[in-house]
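Remarks on the structure that follows.
When the chains are written out, they are named A, B, C and D in that same order, and each has its own residue count from 1.
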Amino acid sequence: MSLGPEASVTDDKSAPDADAAEVRGPAEKAIAGRSLKQIAWRRLKRDKVAVGGAVVVLFLIVVAILAPLLTKLFGHPIDEYHIDQIDQTFGTPIKPFGGISSDFLLGVEPTSGRDVFSRILYGAQTSLTVAFLSAFVSTILGVVFGASAGYLGGWVDSVISRVMDFLLAFPQLLFSIALVSVLPYSFLGMDGRWSRIVVLVGVIGFFGWPYIGRIVRGQTLSLREREFVEAARSMGARSPRILFRELLPNLAAPILVYTTLIIPTNILTEAALSFLGVGIPPPNPSWGGMLSDAVGTYQINPTYMIIPGAMIFITVLAFNLFGDGLRDALDPKAR
Amino acid sequence: MLAYLIRRLINAVITLLVVTLVTFGIFFMVPKITGSDPALLYIGKTADAASIEGIRVKMGLNDPVLVQYGKFLQGLVAGRDYANGPDVTHCPAPCLGYSFKTEQEVTPLLLSDLPVTLSLAIGAAVLWLIMGVSTGVISALRRGSIVDRAVMTGALAGVSLPVYFTGLLSSAIFVYWLGWLPPSNYVPFLESPAEWFVQMLLPWITLAFLFAATYARLTRANMLETLGEDYIRTARAKGLGERTVIGKHALRSGLTPIVTIFGLDLGALLGGAVLTENVFNLRGLGYQALQAIRGNDLPVILGVTLIAAFFIVIANLIVDLVYGVIDPRVRLG
Amino acid sequence: MSRKTRAIAAAGVALALGLTTAACGGSKSDNKSGGSNGGKSAYNAAITDVVNPSTAKGGTLNLWSAQDADFWDPARAYYAFVWDLNRLYTRKLVDYAASPGKSGLELQPDLAQALPEISADKLTYTFKLRSGIKFDDGSPITSKDIKYGIERVWASDVISGGPVYLPTLLDPKGEYKGPYKDTDPNKLGLKSVTTPDDSTITFKLEKPSSDFLYLLAMPGSGPVPQKRDTGAQYTTSPAASGPYMFKPGSIQPGKGATFVRNPNWDQATDPIRKALPDQINFTVTTNAEDMDSRLEAGTIDLDAQQTGVQAAARTKILQDPNLKANADTPTTGFLRYAGLATSVAPLDNIECRKAVIYAADPTSLQAARGGPIAGGDIGTSMLPPNIAGSDTKYDPFNRLQGKPQLEEAKKALAACGKPTGFDVTIAVRNNKPAEVKSAEALQAALKPAGINAKIEQYDGAQQASITGSPDNVKAKGYGIMIAGWGADYPTGAGYMQPLADSRFIPENGNYNLSEIKNPAIDALFDQAQLETDPAKAAEIYNQINHKIMEGAYYLPFVVDKALNYRNPRLTNAYIHQAFGMIDFQALGVSDGK
Amino acid sequence: MSRPFLEVKDLTVRFETDDGIVQAVTESNFSLEAGKTLGIVGESGSGKSVTSLAILGLHRTRSNAKVSGEIWLDDQELVTATNDDVRALRGGKMAMIFQDPLSAMHPYFTVGAQIVEAYRVHHPGVNKKVARERAIDMLARVGIPQPARRFNDYAHQFSGGMRQRAMIAMALVNDPKLLIADEPTTALDVTVQAQILDLIRDLQEEFGSAVIMITHDLGVVAELADDVVVMYGGKIIERGPAVDLFQRPQHPYTWGLLGSMPRLDRDVRDRLTPVKGSPPSLINLPSGCAFHPRCPYAGRNGDRSFTETPVLGGGVHAVACHLPAEERTRLFQEEVAPNL
């Protein structure tokens, strides 16, 4: 909650799928013959908006992966200067609308004339890499700690729960900025871009795990009471085995949903950190960094602000749409 | 009740202690690891080893970390004395020390930034509560209608828009293209309420928009859940009119969870709306925090973190207490 | 040693001569001010002339700034604009003349009746103070107050932040520990400065220095009454000796300060300051764009920081002739450049350094700084135009043509033994966006030559221990370091000595980034101190500049400029070359409001 | 000929959901005379609760619900009546006791306040004090000790039985002529169940109300009901006087229900599956007789039960089953009854 406004997304509650237990009962029984996976898949396919979101997400992933190729085909290298595209007096692109032309599909960067198209593509690479990996980190940590807390109970649960409460009640964005800014720019022989990605993944992933952990803990607690775990236990299965053999498959749905929903939050956080100047270091492009660059010239050259802003918006929206659809389809709250 | 309150207060204090300890640890240990030296912040262009050492001694940087931390806590509780050249300056409690950069006492420095953050957070909160809750309720009541779809689409777009983009976009439009509003520059409320209002308008709307989107989704979900509750059916079965059913029974429980989230969000914001304040150049706690972080100004970073944590913890406390009042199950259960 | 002593003695005379001319120059300039274009405002008029000359008093001058003063304590301030503002409330023994152009660089007696009496060995400077000089509380300013003020410079652990030059001349062995650790009951234990009576002060230098008077013109050499010195907290309520004082309680960190008239200042004792407005408001804003729009609207008078308007306002001003007529783009006295570390291979080889300089794209570097108007002219050498000895036509690497010279770069690489190029690290402060942009531009330009640069951002606040530490530079392999430099006092030594003299390489806080250890350059600096004739001294500085460029130690980016707008109602507006910005103390407001 | 006090004709309720149309109640017909008790029996999802909600008109607030047919209460048609007219009857002439009173009572209002609210909405002129006295009086009458003090308590502070009593007090506060009790004893333990059922019977006698008792528990019906309706898959499959139905149950499903009547020696959990197999989907009802997938006798009669929907016969004791009447009698006597 305290990652500023950006983070509230994951706290959102799902709307009940059908509006009363009365109707949900038969509705669910109606399709009880199929596995949850099939049901979810069917529901998801029917949800046009979610499918749209998924298509955009896939498209962005492909674009990010193919960034080097696309740049070669339609753009210019990300660090190539085109000073001839820039009005030297004002530092802005000579051509209108941010210098958009057939040669520069999304215009050029003020001051340097670098190709915005290529930089957006590489920015997508960075953004998505950070978002996915940090979601992965959050999920791993969240599942391990959440499941341990919920399953083991006792002092383990109280310690982990306190830590989660503490992390959630913490000036997170401030701390992320501070942490990211004191960590070194290069280490382990990685260059600025990858070392920073590792740092961002670590910090964002770390602050994200309580969101997943809380949900996993809750689910584990309720699942623990269920018979099948009791049964497994009575048959002499040891704790870790119960945990992973029995609980994890049942946790898969909520974990999938919340991991999906934490990705857009991570994109926003990464962009925020880059915007505040502690993200991916130049000359490597990032959307937040481009927005921050645009601060100086946005009144006279709005294109350069709108393009990265719109990219962040579209990406986050697509992930949110898909995540919402996925949640409705799996409806982890209905269990 | 009293025992509960005391327990909660002790918890709050422990949380704050942990926050200071963690912050302190990070900002004292990390520079040690990376080899940067806070004493050098004090030095101008001409640094010589002797005066750097002098500053280290003066700042107590040569003490063990725990001693430094102890002194910091002492300052918070009882105030602290600083050698100041000709004489000793007493920094009254709660003393957060002196800024490495400007040598200003941190406590009054941050207190003077607080009104800006308060103005921003409270104004935006009022706005987003009104916007978010009303649209969320309408959306829930007209579930599936065009209004509902429009609100939910707008809300989803809203949560996908970062303030650092909407902030720039809105000032580009309203300040530079349309010229309806002046470029933001905080004017204290007491100086000119009208100007204060005009200046804060854009930051409020920008910040509120994001939260309103979240709250609309939240409210709608809560309301839908509540409307499906048995006691709402009971209320209808008693023959109550829809207005009473919705306005009294459904809102009462549908909005109760919002109180929690609202309290926590507001608490978090009071510690500094880092992004909004920086986008709109508002010199509040969030702005100060970023400046301090960029300049490695540890006492200020510590101060802001502590204040931010303080607000969050207090908000938690208040929310719990308020919840006890509005939800009888908590109060007496 | 004896040779040196004599040489400095001569330099002292030279300075004295220079100062005399300065006094004349000042008045001459005043006469001229109405001349060339009738004192009317025009684009860049304030660079050479006094715009709107007037003696009308009254009104309030509204200065805004996006940056708060670093310190109001004169001994701790280091920002150029704060030094400029400092002239409002701090008088020194000598101060810069109040006039545009070169004549502003000359020193005039201020608290002193006249320029000092310099002993035959040129090691002793004796000043006689004016009578009737008082602090804002009405107490007279004595020689002891001046000595005490100067002593505070020694207490750099408490009075940190400001320049520390005087101890190297007055206490090179570091025997004095500053007034706060002074055992003398009156805290006047500095032996090299004596005050035989309240109106006489004598300085005894360890070695002659032609720059000594410039050091006395720094804010930190102003008088401080010992009983009002609150050490580190003095910055919140400094005493005033000039025509203005801080309105009590008006200093608000991060918000601003208010200057009101000092009732105990007497115009008759002050030949430099005009003191026209009744009040001067210094307001800190967080929004530079808002400041620009207020400037254009005429509701505020001047950006006190004088670092140039933002991009949006720049466009507007340059496109609107009416606005442009009230704008100037003076050179600020700063150079932006990259130091090429001789301690980092392969830049220890001069040819490899040359390759970097040739491969760099002068235009993209200029664009990174903001272009020809907001950024500055393409830099060609290491001496900025406001300093005697500078030669803007000197362009050894043919940078003015504006294009990278790949052929030359490849030749140099071949000569260096690295025909296919090499890897190098560019170190850049993370808190200076324009420097980061410069680093990116440089990186991009070096690539075609095969020089693969990696950009490493570091915490700008820690500069002194990162690029300022030769050991660290070597360890981290920072071959190229982006930096900027402005003179603390306008002489070739004041500008270039920290950048090029091998004897100016401390463990921390080093600015000789290239670690130039060239005996010829060191010798020339010494020789300049001996030179009697300013023109000849300038010629020596010119030679040093040539030597630096021939050694390819630095890659100059731009000669810094700033596009600033001034409210048309301002009177007596002119750019003061010592600060590279409008001389605030001279300003008045024509409408008296 | 005057109508019965309550007459339900061809009542059909369907919900449109994302997963398809839920056919919750199909063409139900039954009636109830004043002062009498009707038991509606069936598993969860059989349509019994939906039927009762339809009588109260509570599907009206749900946009995806479609109700057709006729419901006559005291000579007033309710399906086509205006919202306001139905609302005026709700809680007044007809009232409902819900199952699980903890969730059916508002957690944030005191029990007393909720009763007062119910009273005042149908007695607009009455001041708070009078309403309060009435509420306390009602609490006393349903057997809540110290009613004046409990008036200010919240639902969660009551025990399960007391809570259900309070719920009943709230339903009866306006002297309803029709009282619908939806599984009033499900959430309670056996001894309390008996008390509550006694209470309802006593109060029915006192107020002279008609009662619809909805339950999956034939034991409850046996104790209270004059007539019984058995529902399965949204349809009435058997209907008749209680005595008759218990002595000569006609439908194989009813036999199953009888077989699962709660007894103290049986595990409580068994109640939930009175008949082997799971209840049918209301979206895709099995073709023909909805019960055929679970009916041990399906197929004995050719393939009719797979293709043809049995029609509820006429008469006092009606049944919807393809098995011939004699066959059913024989089966019940030979195969089912000995095991009961």
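Assume a residue touches a chain if its C-beta (ideal position, glycine included) is under 8 Å from a C-beta of that chain, and two chains touch if they have at least 3 such contacts.
Small disclaimer: the values here were computed from a predicted structure and weren't measured.
The innermost chain, defined by the distance from its C-alpha mean to the mean of all protein C-alpha atoms, is B. Set against one another, B-C and A-C show the most C-beta pairs in contact at B-C. Mean C-alpha positions place chain B and chain C at a centre distance of 41 Å.
In terms of their C-alpha centroids, the spacing between chain A and chain C amounts to 48 Å.
Per-chain CA centroids place chain C at a distance of 92 Å from chain D. Shared contact sites, meaning residues of chain C that touch two or more other chains, fall at 289, 312, 430-431, 459. Of all residues in chain A, those that touch two or more other chains are 19-20, 181, 277, 299.
Among the residues of chain B, those in touch with two or more other chains are 143, 176, 294, 296.
Of all the residues in chain B, the ones that touch chain C in their complex are 35-37, 40-52, 54-55, 57-58, 82, 84-87, 89, 98, 102-104, 109, 112-113, 176, 182-186, 280-283, 287-288, 294-296.
Listing the residues of chain A that touch chain C in their complex gives 79-81, 83, 86, 88-92, 110-112, 181, 185-186, 191-192, 277, 281-283, 293, 296-297, 299-300. Those residues of chain B that touch chain D in the complex are listed here as 143-144, 229-231, 233-242, 244, 249, 252-253, 256, 326-329, 332-333.
Residues 53, 56, 58, 61, 63, 87-92, 95-96, 98, 100, 103-109, 114, 117-118, 121-122, 154, 156-157, 170 of chain D are the ones touching chain B in the complex. Listed in rising order, the residues of chain B touching chain A in the complex are 15, 18-19, 23, 26-27, 30-31, 34, 143, 156-157, 159-165, 168-169, 172, 176, 207, 210-211, 214, 217-218, 220-222, 224-225, 227-228, 261, 264-265, 267-269, 271-275, 278, 286, 289-290, 293-294, 296, 301, 304-305, 308-309, 312-313, 316.
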